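Letters A, B, C, D and E mark the chains as written, and numbering starts fresh at 1 in each.
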């Protein structure tokens, strides 16, 4: 058990019965350990995602085993697999339906850039329609890589300030994708 | 009666002297070219009397260099009990690719024809629901025709000079 | 319809016996199975801390090999780029100048060699195509990252180090 | 009746025109696994009609294949039915071999049989485990995924990848089975049956499960044939059509196995047929592995099978072939072939037209999923919403194969 | 200062009520953790292990996340009802803990303090009444969401509740015929000394157990929210803490059902040989409380064990089971019990 890296307690002033830290950090930590994914699995990467959820890799260790197929309840949109141009509006709608704060991870070559499918019908990377936080290369990525991506997201979440989602920069980012 | 290349061809020839335009053997597989106008009669005869109850596949091919008969609709038929397969083709002009639907013969032809329409623009007359199936509805071209490019035009991370194509 | 294969066998029996109809036996049996697993050691590998051993031929991140003298093997022939189904490899060739023999093994070399890891599908065709044993896929996985630009792996990330410690052993991949 | 005024308004008493509820199932509904959309007309929980929309991951495989040299098509076929990628790969290799009229050695055939049957097991495991998930029993899924993981490990030994394997080459395999593979396969053959039977006993005779799947999504043999069903779905309807038996390829005639069939084509039949096929596949693997002939792991076809690396450096001929193959400049005969293999979902056909160029002139995949998914509205009509969900997962519709 | 007896009683009750509430909430919170861990172990996994040692901070992380998640109220929904739905679910779930006898009585300062918020003489009826109100939360929430999946979930939930409440009640009647009282405190006292009702009412218990599963919307009866069919069922449209309330309510219901079953059939806080140990009354009470919780945890484990083993029913099969099997069996049980009571008296 000792080999497992625990999430460290946030830095703060520790004293006898006295523990102070900024709310942001605590909430960041809470969020990071409770990322409920919305698996937007369309193809091959979805099968590897199943393997990641399965016994041998167990994404549940990161507090992410409760899959939320309802976008309202999800924190992390995992886009796995090819997103065709026909699918792009659907993806965007799902993103819009998610409650803040929300993160997006593009798993695999197809979601990230189109991969080998440089064709008329495939969207060349989902960052053309929604903002992406982490890209995971591979076609499909190994479960190790998917976990790697989730951990990268956790890093991001831990360090995000509570106010970020209200900043003009963030609003501008959304506006650049045409999401109000 | 066991089906062989010869018997199938003979049956077809005797029944439809005009409709059978051409036949050849390729890799021990019989190809029969038929008159597109009579495809339904031929297919129905094949199903009902020669026992080709199983439509293995239906697709099209585009050969722009054959003028007047650019688009070929290809049916792969299978007689399950005799375990005999062969191929029926009908060539259509690209300007007016119209052929009668096979959905009345095999229910499974429905989506295969829709796909063929989607890719090549072949219009199957009498098809119950001839719409695009795989591509977005508002697409204007038929993408598998040879003149249309494969690549997506919006990609930014590639440089075509390196790939020898 | 007559049998097509002459070796068919009906496998589904939809009639329940009275006992099966009473729900409980199967429920108890199922509970027994899951309980057995409850006390079994978990199959889980705690990934970042414990790593699974990949096979010798695993197709992960690429490496551009150097020869035994430390010179780059790649001669910028472009076969890898041509063979790449994802069109992820780009390279710019340059002529080797005098005095650079210790850097590049052949007279031509890749001045720029980039692989777009987001395009790459790790199919291994570049490795097969390479006539100079210059590019190999390794057991290492390509890590996830935040920015798109990070995934254009240039020579800085692809070429292995000169020092023996930084060399990547690919000898096992080569026996076929 | 006419004079009565309802407090709920005028519409309430209208009975002739029944208002159906429209329910949009998908494209991101959890039950659709991949991405199919079904617009259902519902009367309460009963489905009156369904209108499937597909194409949400259309990737233009066929067009893509026209622009890639023959050896580069293999990675594309991987992504058709990604649950059993090796079958697609090997089927494609055999198609090209048919065009080239290359005879593969017995050893290659047997190796292929082992790889393909492993793929079939892997595919059926996903299908049946996911059927379990859709009926609510999640645990069997995790047990079976551990077994899949071991199959992945074996692929990794042979090809270097887990899922989209790009396994083998035109003419054979790039390397012989490694010692690691032999060890893993033996281990798998020894321990898998017991674990599989454990999974089987969790569901097969459980009344809750049986009630859920019996008479759900049935299709008669006539309709199934008319819809060009193939594979386990057709066999569940009672037609024992199996390409491995009817048109044996890759030495399947050497193996004796049973073709399991069902009776009425419902979900339980499909489930049971897949379960039995897993057992039969194990039998085939055992037979192939124990009778593996000696020989080369590649066929003699220098125009397609890449020469050994050592030869490339030493022999001029090998170097030329190497360059020609990689550049895609080998000449191959013009002609058209149709080759089909028994994919995990049924007859997976490759219709290849070659004009002698470096790429296929036209390559059409006969994708079993695409063909039988069109019967879905007919199968779920009059059934309940829960039935629609499990019918879909028992048909094992793989989005990659469906949408090409 | 001399407090009057009424005041002391009030203080006692307030303290007990608060403690009961707090324990209920705590157990519900940690049930989520238990569920994850148990599911993990049943599935050969390890479950959450990175939030704190062995992942024990996992529920806190979930709660922290919930509190700071954006509240989405769909603009097509009925806002008032949308908000009140999870509130009702939570409230009714918590209210039932009032009549559960958590233990015997403690003797503090010469006064007997029973560890029960209130010993209603119709405790059983009270529980039934409050639990059946719980479905309103689900129904209102599901309806107000203005989402078809939610509506279907809500309809399923209400019909399921009504059907199973009947057989649950009938199963209990046989028990009440035997005990002759509706007070939970008395029912527990009657079972003192290993004289548990389960030995007299095995069929009744089985029926009650099945109904409890249905009442708590647990697999194999989790139709109102079954993921693969209805996405999230009645809570599809809920985000943040309102969703948390629904999930909480589910776990509280499970806890209360377990407590209820332990009370009615497994002797509550009684344990074998409690009178022959020769311990003081306070010790016996404390051990009794612990034993009671042990029984509850066993039931909770059973709930989860079942959930991760069995497939779920289909809607019509669930109804058929309820009406065609459960109710006749419950009536049969009443008949048998009545006969035996008649014969033995």
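Here, contacts are C-beta pairs under 8 Å (C-beta built on N, C-alpha and C of every residue); 3 or more make two chains touch, one makes a residue touch a chain.
Fair warning: this is a prediction, and the values are worked out from it, not measured in the lab.
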Legend entry - Least hop count linking chain C to chain E through chains in contact: 1
Legend entry - Most distant chain from chain D, judged by the mean position of its C-alpha atoms: E
Legend entry - Farthest chain (mean CA position) relative to chain B: E
Legend entry - By mean Cα position, the chain sitting nearest the middle: D
Inset, instruction - Starting from the mean Cα coordinates of chain B and chain D, work out the distance between those two points in Å. - result: 24
Legend entry - Length of the line joining the C-alpha centres of chain A and chain E, rounded to whole Å: 35
Inset, instruction - Quick one: report the Å distance separating chain D from chain E, using the average Cα coordinate of each chain. - result: 45
Legend entry - Centre distance in Å when chain A and chain D are each reduced to the mean of their C-alpha atoms: 30
Legend entry - Residues within chain C bordering two or more other chains: 1, 4, 27, 30, 33-34, 37, 42-44, 46, 82, 85, 87, 116, 118-119, 121-123
Inset, instruction - Enumerate the residues of chain A that touch no fewer than two other chains. - result: 4-5, 55-56, 58, 61, 67, 69, 86, 113-114, 116, 118-122, 139, 142
Inset, instruction - At least two other chains touched by the same residue of chain E: list those residues. - result: 39-40, 42-46, 49, 227, 231, 308-310
Inset, instruction - State which pairs of chains touch, listing all of them. - result: A-B, A-C, A-D, A-E, B-C, B-D, C-D, C-E, D-E
Inset, instruction - Give every residue of chain C touching chain B within the complex, in rising order. - result: 1-2, 4, 78, 81-82, 84, 87, 89-91, 116, 118-119, 152
Legend entry - Complex contacts: residues of chain B adjacent to chain D: 26-27, 29, 31, 53-57, 59, 61-62, 74, 76, 80, 83, 85, 87, 106-108, 110-112, 115, 119, 132-136, 143-144, 150, 164-165
Legend entry - Touching residues (chain side chain A, partner chain C) in the complex: 3-5, 55-58, 61, 105, 109, 112-116, 118, 125, 127, 133-139, 141-145, 147-149, 151-152, 156
Legend entry - List of chain D residues in touch with chain E within their complex: 21, 23, 29-31, 45, 132-139, 142-143, 146, 202-203, 206, 208-209, 211-212, 384-387, 389
Inset, instruction - Name, in rising order, each residue of chain A that touches chain E in their complex. - result: 1, 4-7, 26-27, 29-34, 55, 58, 60-63, 65-70, 72-73, 75, 97, 99-101, 162, 165
